[in-house]
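Here come two complexes built around subunit A, the first alongside subunit B, the second alongside subunit C.
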Partner chain A sequence: MSTTEEKEQAVADEGQEATEEIAAEEVHEPKPVKPGTWRFLIPIIAFAMGFGPHFLLGWVIFPQLLYGKKQQPIDFNHKLHVEEMGECEGCHFFRGDGSFAGIPDLSSCLECHEEQVGEHPEEAKLVKQYVEPGKEIPWLVYSRQPQCVFFSHAAHVVKGEMECVTCHGPVGESEHLKPYYYNRLTLYSRDIWGSNPAGYKKHTWDRMKMDDCAECHEEKKGIKEACFVCHK
Partner chain B sequence: MKLDRRTFIEILVGFSAGAGAGIMLTPVNWKIMDDMAIWSQEMWPRYQLGGLKGKLPERGKVTHEDTVCKLCPGGCGITVRKVKDRATKIEGRDGYPVNNGGICLLGASGLQLLYGPWRVPGPLKRSGKRGSGAFGRISWEEAIDEVVHKLTDLRDKGEAHAVAAILDSDRGTVPQLFSRFLKAYGSPNFIRTASDQDTYELALNLMQGAEDSVGYDLEGANFILSFGSGLIEGWGSPVRVIQAHSKWRSGNGDRARVVQIEPRLSNTAAKADNWHAVRPGTEGALALGLAHVIVKESLYDPMFTANHTFGFEDWNDFTGKIYMGFKSLVLTEYSPQSVSDITGLSPRKIVALARAFAEADRPIAVWGRGKGTTSGSLYECMAVHALNALVGNINKPGGVSTRPDVATQPWAEVVQDATACTCFNMPRVDGAGSSRYPLTKYLPDRWPQVMDGGNGGIKALLVNGADPYFTTMDSAAVAKAFEHIPFVVSFSSYLDETAYHADLILPNHHYLERWEDMPTPVGLHKPVLGLLKPVVSPQFDTRHVGDVIMTIAKSLGGKVADSFPWEDYKTALKETVGEKWGALEEEGFVEDANPASEGSFGTPSGKFEFYVTAFDQAGMTMRKDEEYLPHYAPIKPEGNPVLYPLLLVPTELMRLADGAVGNPPFCTKTLEENELKGDGLFVEINPMTAADYGLSEGAHATLATPKGKAKVLVNLTEGIMPGVIGIPKGLGHKAYDDYLAGKGVNANSLIGVVEDPVSGLCATWGIRAKLTRV
Partner chain C sequence: MKEAHHGEGDKKTYRYGMVVDLDKCTGCGACMVGCMAENNLPFRKDNSDRTRSMLWMRVYKISNGRTFPNSDISYIPRPCQHCEGKDHHHATPCVSVCPATVTDYSHETGIVSQIYTRCFGCRYCMAACPYHVRVFNWWDPTWPKGMKKYLNPDVSVRMRGVVEKCSFCYHRLQRARDKAYAEGRAELHENEYQTACTQACPAGAINFGDLNDPHHKVYKLKKDPNAFRLLEKLGTNTKVYYVSSKAWVRKAGNAYTGMQGDVVIPG
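Let's turn to the complex of A and B:
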């Protein structure tokens, strides 16, 4: 008998022995499993253990990881200024050529705050940090859309006669500026997607994604618009 | 509990399913997907551009600033949209008297030239072999010192006349500063690059005694007879002519008839009411054939020809010798049949065209091949202009007049020192103004051919606003001529061909960064002075060429310095404009009425001269009477017809800049697949001719002329005469950068210079060629 054949025989014998052992166990130590006992809970508990933390991760931890938080350079009181300056258009006006001024620049602030007029610490900060050195205030814009979006305020506010509040919410009634949350991946404001991580919205101003534009356009104009209307 | 295999699997699967379900019931996936879309679109390019603070454009206040375009002689008013300090868009300026809101493709691409990688970053000095493109940065002081040192050296040796300057124009303060500098320094060699204006200025000088070039009231005309002019291909001031063309094509009262004479179906020909393809180079004969019919059928303006012209009828001088007039010449020599034999156009068509032209209310005949970038034949220009005189539309609304400039303050006369005086009166390198070509001002295509007009050749060359290395015909001769010039200085803002072959580059501000005046644009009939204002601050270490030339003059000292009394360029500009400066700065342009009035001519006879008496005055002896009159003097193309059986003619496209400014990539992108494919250039050829050579659409071929050879692709089109090949001008740059260079072939490298026998200007309209399949 050659060496190879010897080895093959040995392996075959081993296998036979193992089969005999299992057979012996089954015969000599019977352990009947009753259906419907606690064992069925194992996968359920495992499922729950997987589900819970991941559900929490997605709803609670992920948004905290995704968004960074910044404070505005000055805690601006919109309510006070609306009382002084009139409606939104008092500061956020259309220029002579129809373009929208957006957030007022420092020169608009200078019309009143060339020197400190009140005693509020935020005004003192404005004068000291920005007015005196003549530096523009680096406001963080909650509603800044991505570069690929073309948006004209004139078309919506002047021609479409929309209210500012429809998209921006009741900012004019606020006494403090809310923190600015930004997406760490895209660097855009959280307000575009909305503060709800799933993007649920209660108000028209809660979210400013493309679908929200299309929703309103479909409602008002009957069409969702073509790509090139906004993506120039 | 024992963790057996089954339990383990149950836990693992249960946990995974739970984790999966848990995460799927949260917004993570959808949110990440959305963010990744934005990230890959916006942030990824930002990372590639050098991190988060990369080169993404800054946001800021949007403003609009008006200035004038300087990319061609068209002189359009433009409005530049800016975000903060960054120019973001160029638009035509509304209400500007030249282009009223319109803009051309090149003009709109100006920002690519401003921010493109081909800008010269600061003064450069050649560090390697010439043409190797190796340059090193030096300071402005060093650069100016170097020029001053070289110029002082030449002047000390009594060789001031060996200095030459090549510019794109001789009008406006900057060209005048150069011209003044050369005069004070002692050089007669101010050279202007070639255009149809060279010949038109000469023709108007001879026939009307005018110093200015031509202006057309295109908007007022209602019959436009174009002898090969690319009316919508960039001829004249392009936007203005295209706007006039739109008016002619409209259905209302401005409707005009357009007839195009051209061997090729250009866009102008395609849009014309009639297109007559005559044999290339025979346009002059056709003009005279039309004159024949107009005279024979008495369709000419009898009042104008009788009262305001000289040499229409036969005439005799005080000795009683009889001279032939234009009338006799055209009646005897240019019958429809004989002209038909020359041009290939049927006699019936010639007669019909002549009648239609002469019977129109306000007909106008325009001249200048393609965009007007070549000088052309003098007699051909005169023959076309004679048609305008026949119908009496000289200096009339809807007619042809001179192109005057808005009056400005003249500068004090240059006081030359002894060296300057001696050297300034030496012959020019190009031979212009010599006894052979006494009437011609500049011979831009001739200097590379002769290199030495009898004065030792150019020893120092200054180039501003022009790219003669690329735009001059016969590239090989130009390259050789450059090799013989020991010192070349370019003032170009771009690393163009000439700058690439220069020893020193002293970059001028880009046209959107500087002050300059823009005199009346080419072909305009009313004086308009435009103002270039800086809309953006200089992007690089550049200086205004006006300031640089003044600094050089002042460093040279003596009378040269005395000729430049101004503190800086802007002061000179302000003083030149004089009392109109306020209005000019405020509005961006000033207009004047055209002072030309009917019947006022500066010729020796005081009339419009069909028979040019100025030839005799200039000491030019003509052998025959007809040489004093507009007649057909064929310009023979170079090359042996046996070896080169085909004719190659350059063509020009609106979408392809072929002037001093390289065609920016925005424009190149608009070229069709049968114009430029990859880097391969297509030539146009008639399918009948192609069949003779076994060439099919898109076939590779070698195009050879007596001047050079090139690999080309074949585009079959019935829009070109059989036996003629069309090659677009403007491609084949070798300088600039990878985006602009290396595309196609420079047509000038295949075409040589054929001199006009009277003017000496380049009268080339084509060259003999052969096409072989590869």
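Let's turn to the complex of A and C:
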């Protein structure tokens, strides 16, 4: 049997009837077909061809489409300010009624930056764009929870004596602000869900989902909390 | 599911409740308005339309059904009764029927919660509640132009398709706790946590506090010989007590509507 015939035989095996007819004309008595040893690869290749693109779509392309990226209005240097102002509480303080001030407003910046004190371009931006017109800085809050969530800093930091780092990570050591990623559908910060697409976390501050809150509450308090403790 | 009940650690437990003096209630409706403003309840152009208006606190008007000169009326303000059930089992009617664990009974505070974002609107709880305290959002809430800025940030706004109800102003408890923590206290003063309706009542008919605490006003008031609870025979073990010097009102409080001469006109 010539090589051409072999090829034709192989094609015929694929089940293409038209080719089979031609092959049958040339070889009058076709031998019984022996399946090729490579055939077991077909389902594997087919699976890989399906799995590969869909895996990429789900784990790489979809997260990129889902999450938008924004830059903070000013690239704030936490490390420098911690050196000047002291610990986190220097700027992120509690008010008298136990509520938490969160991100400081412009008046806190004005205490030092009424006029430019250094030569950094980011500081120049602050003075020109926000201090001079008296405009509040539209900071993007990485840890902003959905509206249905109640969170009390007083209960955790004052009563529970927790460290800021436990939930927020070592922000105080950073020299630049990371980009703000947000879910385009829900508009929530990506830091709530966590940046790992598998939902895997290495540190306590990698995620801020309900499960993370519940895990710690159950561990520390030894009880299953009522819903109203964190929901509103 | 874990066996541990809510709040059964070594923590102190509370039973927040209400005692309403019906002899003082004038039916003015300030509690309803105060509640709506506090809890971001939307209102309609004609909010007297009972089939469509939403209220967490509703004032009912009941009559003894007799003719002059024997006719008499009384008003019954009705928030969520926060049923405890008997023996700390899940006997709160709405809690036991909810398929989505939207609502739960906290054994720490005695308050029945409602998590709107979990609710999918099957309304089993509305059918189960003997006091009709639960309301359903048939529409997304709307407010007159500019009024959105006046919404209470401590209370989330509910969306179409979910059930909501009175929370005993739980956010006020959270606020009061925050203040106590900041001042290094563990216990709250009685006047630190009061519901909006209690404070809105001009007649001082509504009293609120911890029913377990002998220092609280409600502790003494609930032991009044004229005190009763709504539909007590159902065994819901509610935490809203009423006080009335009129025997027919006390009787009506334990009866279904329209029983033998007692006519209830929902108002």
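Throughout what follows, the second predicted complex is superposed on the first by the 197 of 232 C-alpha atoms of A that agree within 3 Å, B and C clash if a C-alpha of one lies under 4 Å from a C-alpha of the other, contacts with A are read in each partner's own complex, and residues count from 1 in each chain.
We adopt the following convention: a contact is a pair of C-beta atoms (placed from the backbone, for glycine too) under 8 Å apart; a residue touches a chain by one contact, two chains touch by 3 or more.
Values in this document were obtained by computation on a predicted structure and should not be read as measured data.
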| item | value |
| --- | --- |
| Fit or clash - subunit C, subunit B, common subunit A | clash |
| Partner chain(s) touched by A:G118 [first = subunit B, second = subunit C, both, neither] | neither |
| First (subunit B), second (subunit C), both or neither touched by A:P53 | first |
| Touched partner set for A:Q147, first subunit B, second subunit C, both or neither | both |
| Which superposed partner A:I45 touches (first subunit B, second subunit C, both, neither) | first |
| Which superposed partner A:L66 touches (first subunit B, second subunit C, both, neither) | first |
| Which of subunit B and subunit C A:G222 touches, first, second, both or neither | second |
| First, second, both or neither for A:A155, with subunit B first and subunit C second | second |
| Which superposed partner A:S99 touches (first subunit B, second subunit C, both, neither) | both |
| Partner chain in contact with A:K232 - subunit B first, subunit C second, else both or neither | second |
| Against subunit B, colliding segment of subunit C, chosen among 1-9, 181-189 or 199-207 | 199-207 |
| Subunit B and subunit C contact sites that coincide on subunit A, given as residue numbers | 97, 99, 146-148 |
| Subunit A-touching residues of subunit C, taken from the complex the two chains share | 2, 4-9, 11, 101, 103-109, 111, 113, 115-118, 154-157, 167, 170-171, 174-175, 177-184 |
| Interface residues, subunit A side, partner subunit B - complex | 42-59, 62, 66, 97, 99, 105, 146-148, 183, 185-188, 193, 197-199 |
| Contacting residues of subunit A [partner subunit C, same complex] | 94, 96-99, 146-148, 150, 152, 154-155, 158-159, 221-229, 231-232 |
| Touching residues on subunit B, where the partner in the complex is subunit A | 7, 10-23, 25-28, 30-31, 34-36, 38-39, 41-43, 52, 56, 61-62, 64 |
